[in-house]
Amino acid sequence: MPAADTASRPSRPGWAGLKLSVFLIYVFLMGPIAIIVLSSFNATTSMAFPPQGFSLRWYGEFFRSDSFVDAFLFSIRLGVCAAIGSTVIGFLASYAIVRFGGRQREAAQSVALLPAMIPHILISMSLLLALNFVPIPDFTVLLAGHILICLPFTIAGITASLDGVDPQLEAAAWTLGASRLRILAEVVLPLVAPGVLSALIFAFIVSFGDIYIALFLAGPGMTTLPMEIFSYVQWESTPVIAAISTLQILLIVGLGLIVERLVGLRRIMRF
Amino acid sequence: MSTRETILALEGVTKRYGDAPGVVGPIDLAIGKGEFLTLLGPSGCGKTTTLQIVAGLLEPTAGRVMLNGRDITHAPPPQRDMGLVFQNYALFPHKTIFDNVAFGLRMRKVPKAEITERVMDMLRIVGLPDVERRLPDQLSGGQRQRVALARALVIQPTILLLDEPLSNLDAMLRKRMRHEIRDLQQRLGITTIFVTHDQDEAFEMSDRVALLDRGSIAQIGSPEDLYDAPTTRFVAEFIGDANLIDGQVVAADGQGLVRLQIAGGSEMVARTADTTLAPGQQALLMIRPERIELVDAAAPGTVPARVRNRVFSGERITFELDTAGGPIVCTKPSLPQFRLLDPGAKVWLQPGDCRALRAS
Amino acid sequence: MSAAADRRFGIGLMTPIGLLYLLFLILPIGFFLSMGFFKYDVFGLYKAELTGENFARLVVDSYYQDIVLLTLKLAGLTTLFSLILGYPLAFFLTRTQSMWRGALMFMVVAPLTTGVIVRTYGWIVLMGAEGIVNKTLIALGLIDRPIQILHTETAVVIALVHILMPYMVFPLISALASQDPNLERAASTLGASRARCFFEVTLPLSRAGILMGSVLVFTLSAGSVVIPQLIGGKDVQMMGQSIYELVLHTLNWPLGSAMASLLVLMQFSIIFLYFRSNRRARR
């Protein structure tokens, strides 16, 4: 980051004006979220804002509602599976790209990030179509869809971590007699552990927040939390949605903080 | 050539990338047991590539690598029983010094008690008796280098390979480590291949030096061989300083003695390694700057010259002289008689040993 | 291990992802997109007869024309406003010395991770008849009845900008942060005013970030379904919703596929233009 000096910043009033604009933009960004969180404590059934009264009843409603709790648990199950799947597959691919890519590394990395360049609805509809012809269990296809959308993030993060590992370390271990597997386990993995862990968490976050894949591919008895919210919102409008959303926000922001502590979210966002 | 038994042999080893002209090779080399051989050369000459082929980190495009008579050309590093010391040490940052040095022994399934004994022993030998519990980033550069050495030696490899291990150290430490490594090598009697671009280093440490030029061995021999009897212009210029004067062969005995005539008419007798030099051919006369006598009168075998410049460097004086055949550099110890020679003075040069090289 | 064995190991590592992509991505999508060339069958998915009528319908039928044009318009507006709002944000984040910088950056990404539904819901609350905007305007006496904010194109653009801005901000941050600070200093010692510095040095150099961010935001907004559906409802129809409708409700897969192909074409053209201008910029 450039050091502070007068040339790299606009003048006093300019900078103050910028700070004000940025503040307003942050209000814009955070506003809806703040509203949801605040609305969740509304004592009345209306979604009016500002909320009237303070109550935790909607959180109670959430925990009492079987459909919401089931959806929440299912999302977690799906998220864990998708996270593990995309991290494992992503790690293997990342290692291949970084260590064996050579001159084709950029191309290989672009190909690996393919799902990020395809609209999610296209992915899910195509899989839905394929389901018509090939009998695959619904959960498998849903999981595959989620792994697909999580992979670009795990690969981006893990390749960045691997880049920080000196290839000479692996060469040294090799000359000392370690097999390829040993090298991975004793030299590479310990050094990229934070990166892998954060890829895992980020993949979970992506899977948990997805709607497009789940909407098309979820079979009977498989409802994710976003799906449940989506259908609920279209028919009713009580603050229970705000409560659920707040819980989801807390969960994900908490996980995001862990990732930030481990490697910084910016690295994973860097396609 | 030494009378040692050959441990490692490279036969026609070549490395090419795609259709590009060869990076290395063909190289033929035989290294004897307990020998300290240095691969010397400017950057890009292929010395590190050759070392990596020996270690098994790279595969040659053609040729063979033989270890004790066994063809190991395609064998992966774990099967080669060699210890490699990297330029940047490549110590595992997340392991303690002890674990770093013990790594190779663990891969060889040595029993734990023996590992502890050998590791502590080796750390003592390299002069680091108390650091086994520390992490690499807590050590200085010189200490890390010794750990890298210990790690490579503790497995008692057949051959020790060092890839410019001293380049990252400051000058004083470098000089000290040169002696320590050489001492260690001689004490353990381990066959060693050393890679460097520093000619002084190569000369101080090696039994033999192989000078590489653009992928091939220009000359291989003891340091004395390379200094006294360079076979090509490249070798003459890379090793030490050399005066090179164009000349024409006037007479040759076919056994290494020739007489050259240089511009200005003077005829010089020179030794040569090229026995095919014949009268009428163009050749280069090579004279080392410190092997020239300065006399004050003409005599057979002398060359007239005029002093152009005189540079005083403390222990010696360097004279830049002009002759009919071109500029010549002569160095002398800084004794009183030489301090009196001023620029513009006329002297006669009487070269000592001269070499004749084929003009390229 | 030889170079050949190395390559084999590398290929082995790529096998899981390769298989996954082939079986679950490339083949299904290829098949789905090819459906656009088949005839619509009321009883089944499609009739195995090749036809161009689906694409023709998209071009000729004014209903679909409107959808495509509206998509282009809204995606374009979203991209424009993401840039206008995102640039100051990115500029501020790269130049500020505040110790809150890490937290501020986190606040830009964090909303992204909560998922589309949650944030869209926030906008519904905001913009609804009883939402805070209306309440505020009534309280201020500017209007006496709640105005229609939801179900308008404006609302959709606002929500899209809100959701997609991080995708504009991050490439911009990358581009701005990698600029050599000495360039601006050089310009100012040569006499350029601060405004000139910005317009002649900083802005052009951040071009790569602007392009990448624009490509991301445009393609994501063009293909969005949930936001236009929840916020725009029946009154705002974008291509994403249309495809959803055709495939899942009308069950006209061929037409839906044709529309999807059109969407993909639009997106890839933008990406292609991006790579072209990138290559030109490198010369």
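Going by the order they are written in, the chains are A, B and C; count residues from 1 in each one.
Keep this in mind: contacts are C-beta pairs under 8 Å (C-beta built on N, C-alpha and C of every residue); 3 or more make two chains touch, one makes a residue touch a chain.
Source: prediction; values computed, not measured.
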Mutual neighbours - chains that touch chain B and chain C alike: A
Geometric centre: closest chain by C-alpha means: A
Which of A-C and A-B has more C-beta contact pairs: A-C
Centroid spacing, where centroids are CA-atom means, of chain B and chain C in whole angstrom: 61
Rounded Å distance between chain A and chain B, as computed from the means of their C-alpha atoms: 56
Centre-of-Cα separation between chain C and chain A, whole angstrom: 17
Overlap residues in chain B, where contacts from two or more other chains coincide: 76
Contacts with 2+ other chains: residues of chain A: none
Residue list for chain C, restricted to those that touch at least two other chains: 1
Partner chain C, residues of chain A touching it in the complex: 1-5, 7-11, 14, 18-19, 21-22, 25-26, 28-33, 35-36, 39, 46-50, 88-90, 92-93, 95-96, 99-101, 112, 114-115, 117-123, 125-130, 132, 141, 144-145, 147-148, 151, 180, 205-206, 208-212, 216, 226, 229-230, 233-234, 237, 241-242, 245, 248-249, 252-253, 255-257, 260, 265-266, 269-270
In the complex with chain B, residue positions of chain A that touch it: 166, 168-169, 171-179, 182, 186-187, 190-191
Parts of chain C lying in touch with chain A, wherever the complex brings them together: 1, 6-7, 9-11, 13-14, 16-17, 20-21, 24-25, 27-29, 31-33, 35, 45, 85, 88-89, 91-92, 94-95, 97, 102, 104-111, 113-119, 121-126, 128, 130-132, 135, 162, 165-166, 170, 173-174, 177, 179, 181, 184-185, 187-188, 194-195, 197-198, 219, 223, 225-226, 230, 240, 243-244, 247-248, 253, 256, 260, 263-264, 267, 271
Chain A-touching residues of chain B, taken from the complex the two chains share: 55-57, 76-78, 80, 82-84, 86, 88, 90-94, 103-104, 107-108, 151, 155
